[in-house]
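The next part holds the structures, each set out as structure tokens.
Heads up, the next two complexes both have subunit A, just with different partners, subunit B and then subunit C.
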Partner chain A sequence: MARFLARRFLGSVGTLLGVLVAVFLLVSAAPGDPARLALVGHGPIGARSPEALAAFRTMHGLDRPLPVRLVSWLGAAARFDLGRSFRDGRPVTRRIAETLPATLVVNAVALLLAGLVAVPLGVRAAKRPGGAADRIAGLLLDALFSLPSFALGLLLLLLFSVKLRWTPVFSDLSLGFRGIALPALTLALVALAPIARVTRRAVGEALASPAALTGRARGEAPREETLRALRRAMPAFAGLGAALVPQLVAGSVLVERVFGLPGTGQLLADSVFSRDLPTVLGLTLVSGLAVVVATLVADAASALADPRIADGEEA
Partner chain B sequence: MSRFRSVRTRLFVLGLFPLVALLAPLLARARPAEPPVLARIVTPVPFDPDATDLDARLRPPDGTHFLGTDDLGRDVLARLLHGARVSVAVGLAAATLAFLIGTLLGGAAGTFGPRADRTVLFVTGVVQAFPALVLVAAGAALVPPSAGTAALLIAFTGWPEVARLVRAEALRLSASPHVEAARAAGASRRRVLLVHILPGAVAPALATVPYVLGGAVLLEASLSFLGLGAPPPAASWGRALADARESLTSAWWCVAPPAAALFLLVLSARKLGEALSESR
Partner chain C sequence: MKRTLGALALFLAACGGPVGKDQDRVLHLRLEGDPQTLNALISTSDPENVVIALLQRNLLDYDEKLNLVPGLAESVEPDESRLVYTVTLRDGVRWEDGTPVTSDDVKATLDAIVDPRTPALYRRSFFADLEKVEVVDARRARATFRKAYAARRDAFNLPLLPARLYRGTDVATNPANRKPLATGPFRLAAWEGGTIRLVRNTQYFGAPPAFEQVVLRVVPESSSAFQGLVTGALDESRLNAVQRVEAAKDTSLREVRYDEIAYSYFAWNNRLPQFADARVRRALTMLIDREAIAKSLYGGLARPANGPLPPGLWPWDPTLAPLPHDPAEAAALLDEAGWKKGKDGVRTRAGVSLSFTLSFGTANDRQRQVIELTQRSFREAGIVMALAPLEWGAFVEKVDAGDYEACSLSLNLDPNPDLRPNWHSSQVPPTGMNHSFYRNPRADALMDEIATTFDRERARVLYAELQRIIAEDQPFSFLHTVSVAWGVRNRVENVKSSPVGLWLFWPGAAGWQPARAAKPI
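Right, the complex of A and B next:
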């Protein structure tokens, strides 16, 4: 078990280093002069003078050779220093930290909503394949997998904010739950489909296992049987958690744009627009970090829930 | 019921989208005031998709504009038909490219020994560590947005799944007698990969191509929605939805058509993928 965890940890560190270097190379390989890109279109005309460009390059360290920049960027990133925004000169980490609460709250509410609906639905579908719950789940999943989150969000916005006037047209955390109900609902619907599908498959497999048959023979109550099957499905849920992270990150970018919610996703879209490279890179890095960490945690959780997973890999 | 589930039916349904995309310039274009009868039949939508008419902004659907007009007075139906061109072209180009990259890298990983395998797995892990949309958006910050760069960026995020499947199959084939015989007969590594392994190894990956296509269409729409896809006035469905957001309170008819079109295209791609993997 310890060896399994250690190896997975080392693997994640390797991937993380790869992520860091990939992010750095992504910028350096870009055509065009970042200083020119950043200054043209913003600031006063004087900002485009050669002196201003040179000053900007010195300020952001763009005048040093590539390997030096890579090493210093890696060192800074290790200290959570992602440089300063081209836009307003403030540290990228602070800009991210400011927008993160809104995004995290919306995502947490969305996950809670999705789990409350999707897990029971998946369990029902698994208990009676081909039954009503199974067919409803199947239709729902087809629909939710095919409709882009932003189109879904716009349709919800049309219904609840424009027709029924229950919710504000622009979301805001300060309005309380009403202010974030729609983005949370949209993201919940995005997460609903994968959760229900994984629950149905994992619980179905657990119910079909010899252990479940033994339980039934022993006269286990249906409730107890379900709980046991859910526990046996833990590794699948851990993997699902890791797989949901990239979906929710991408969903947040789009959904925040739809509802005008000032969160981290909006920050990414705005930074891409204004070619604010340090912020774009910082956010790319943070999202990559989130996925790597989530995968590692999921691996550890599933190995703890089912030690055979760790043994199987060591053998 | 089973007839509707056949691969051929679903391929036909999906094929309607490229057909509309190809015919869009005929179906929807400006026509003279007194058109000959033939032109009236072959051009059911008499509006240029990019022609603005500021006197006819945000008109609800009626006999002239079957699906109404948008905030610049452009015909929604004409833009919907032309939007299929963007979605289908970018989606097909990205899916094809992703399939090629994935096949080559996955095949190389499965054929060229453990070191190549580890390298490809590492690169796959790094690419998959990013949410595809974030990677594509970051790329869009670095290169000027266009339909071509969108397709390239989407392909770059779409190949790992294909590579994984081809690699597994190539690893299996790599140990099979016919490949061993080819190696013993002195076939070069490239020949072993291209002639003896890939033809057998691509089959399972082919079944995922519709899913990759659906994902690519969704990504293109998302990118366009964020304003990072093909620049205006390209009639992309994602951009149409972004524009519709601005006039949402007064014009619901701008939202529903592009949303429905995207939904149907992605759904039919997924359904084809389902049928393909079931028929194997």
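Right, the complex of A and C next:
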């Protein structure tokens, strides 16, 4: 089991490294001079100063060859030094630390909300597959899933903030739940469909298993039967969690823009547009680590639930 | 599901009363992007400048008509040679911590601007020929320049940096850039999570502003900002055409407008054989129906530009008529210049066809529509214009280098603009910003003379001739000058606008008042 997880961990780290190298090369190769964007901004063509541009490039090491920069960034990152932002010269770790709490809280609340609604729906659908509830919920959730989160967010904003005035127009973590209800709800609504679908399938399979049949034959109460099925579905949920992380990160970029929430999504979008490579890489590292951790948890959960998975890997 | 939603609604409703109920003493402004610095020397974006305008007075400020008026300095006056300017600070001007603003701060600020390591790219262009700065006494500093220059005083539309925090430091990364010391009506109280909160600066030398606090919120998304305006979470927001219609129906809002000192244009690379002849360039402009575009795409908030200066600037010549929309005359001009239609309907001359590529940075919808309408008009006239949308960074690099055939852009001008960087023949890339490679010896001579003509009436005459020459040459097709519309909540009064917008003149938003307060500032 430990060897299995260690191997998985090493594999994930390899993947993360690959992603970081790819992002580094992509952002570096993208047209647009980061020095110019940092010093002159996105405005119309303005005054230029070769000395200031050169000083900027030296300060951020942009005058060194690409491979040297890449290796030195990776070396520093291994020591938790993510460098300084091209835009304001502050440490990237600080910029991320300022924006991460809002994004984390919104996403955690979104997952909780989505889980509270989607899991019961999935269980119900699994018990009576093809029933009216199954079909209606399926249709509704698919519709929500296919709505762009940007449009969904605006619709919720119009309803809850403008029409009903229950929530503030601009999200604000300091207002508590009310302050982030809408971005969380937007992300939750989009996440409903995948969670409900995985629940339906996993619980359905568990209910159809010989163990469930035996349980029923023994006269097990439906409630216990459901709980047992949910327990058996745990690995599937863990896997889903790992798959949802990137989706939530991407969703945050748009949702944070709609609700004016100063989170890592907005930071990522700004940084990409201004070619702020250190910040883009730092955020890639953080979200990559989140995926790695979620995947490892999923693997561990699978291995715990079904030791054959780990054994099979080691055989 | 239904129960869960119901519970959610109850919970939200229980969390508090209606949103938008506001304290009368707090002004809520929108920032369209996230400021990176509050140091005016190195700021590069509008949101940064909006905050800075509330925190700092300039040595000299612009009033709403763009006249220079005393700010931190009671005067900035030249000697007879017009090379030496004496800056005299007002008596009793203090930083927010109570320490006096001195001539040493003036010296430190100007020294920082001309230091090549400081990324003060915009400011440095005003002080390129600064020779030295001397402290005369606590309130007076003397700046000596190498050349006399008519727009020199405009360079002193400049806030100060405290010498004790900045001297000898790396200006770009100085921590005070995010914790500035204010000299203006407000000071920074908090900056976190996309919200900047300002409170009255008790050390400010002038009358205290009517609002006790200003909360500036970063809202990049225009549609969200508009909902914020409607619900009262914001007191102002820029309006697009759709939002203007909506805002007009809302009795709690009013519209404030100003003519931007900017114009949109298509630049023709004058070095290419297609664009070398002024008749061709004039014909191109005459093929574009700018009046119709102003009506249909700008909702009437635009007018055809007549030349290289927009209305709202003092030397703009109102008697210079924009070229008319006249496809027949354009065709005649093209024929006369030797560009005849071939069998395929495309005009050619000496084996070269009148076809080219128009580059533009990832455009907004309206710019894209203007481009496409123009493309259609050109096609009917036998001109092939291909389109090359580029990522913004890549686009500006091409423009900076003059490495394009045609391009679509806008130009923002300074309140007292110098046209040389854009039009003088010595300023073609890689030296300057004359990226269309325009060359006209008479225009060069006029620009040089204007730079040293201190009598505004005389300068106005020179400017009029210059505008006529550039309009005749049409190195660009000058497209539109635009009025910008803002929605403002009626609870706020005394909102004035100027050609530089709502913020970057004195008193700007510092002069706004709650509707019920009768106290003038």
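Following the convention adopted for this analysis, the second predicted complex is superposed on the first by the 299 of 315 C-alpha atoms of A that agree within 3 Å, B and C clash if a C-alpha of one lies under 4 Å from a C-alpha of the other, contacts with A are read in each partner's own complex, and residues count from 1 in each chain.
The rule is short, and it goes like this: contacts are C-beta pairs under 8 Å (C-beta built on N, C-alpha and C of every residue); 3 or more make two chains touch, one makes a residue touch a chain.
Keep in mind the model is a prediction, meaning the values are calculated, not measured.
Superposition of the two complexes onto subunit A shows a clash between subunit B and subunit C. Looking at the shared chain after the overlay, A:Arg178 reaches subunit C, while subunit B stays out of its contact range. When the two structures are aligned on the shared chain, A:Leu277 is found in touch with subunit B, with no touch to subunit C. Once the two complexes are laid over each other on the shared chain, residue contacts for A:Gly115 go to neither subunit B nor subunit C. Shared-chain residue A:Pro168: touches subunit C; no touch with subunit B.
Applying the stated contact rule after C-alpha superposition, one finds that A:Val292 touches subunit B and leaves subunit C untouched. Of the two partner chains, subunit C is the only one that A:Phe56 touches; subunit B does not reach it. Shared-chain residue A:Pro246: touches subunit B; no touch with subunit C. In the superposed model, A:Gly215 lies in contact with neither subunit B nor subunit C. Shared-chain residue A:Gly138: touches no atom of subunit B or subunit C. Across the two superposed structures, the residue set of subunit A contacted by subunit B and also by subunit C is 30-32, 154, 157-158, 162, 169, 257-258, 273, 275.
Contacts from subunit A toward subunit B in the complex involve residues 11, 14-16, 18-19, 22-23, 26-27, 29-32, 142-143, 145-148, 150-151, 154-155, 157-158, 162, 169, 245-247, 249-250, 253-254, 257-258, 268-269, 271-273, 275, 277, 280-281, 283-284, 287-288, 291-292, 295.
Those residues of subunit C whose C-beta lies close enough to touch subunit A in the complex are 1, 4, 8-9, 11-13, 15-16, 18-20, 33-34, 36-37, 42, 44-45, 116-122, 124-125, 172-173, 177-178, 192-195, 217-221, 223-225, 227-228, 230-231, 233, 390-394, 396-397, 399-400, 409-412, 421, 433, 435.
Against subunit A, the residues of subunit B that register as touching in their complex are 122-123, 125-126, 128-135, 137-143, 214, 218, 221-222, 225-228, 238, 241, 244-245, 248-249, 252, 255-256, 258-259, 262-263, 266-267, 270-271. Subunit A contributes residues 30-33, 36-49, 51-52, 55-56, 59, 84, 87-90, 98, 102, 116-117, 121, 137, 154, 157-158, 160-162, 165-170, 172-178, 181, 185, 257-262, 266, 270, 273, 275 to its touches with subunit C in the complex.
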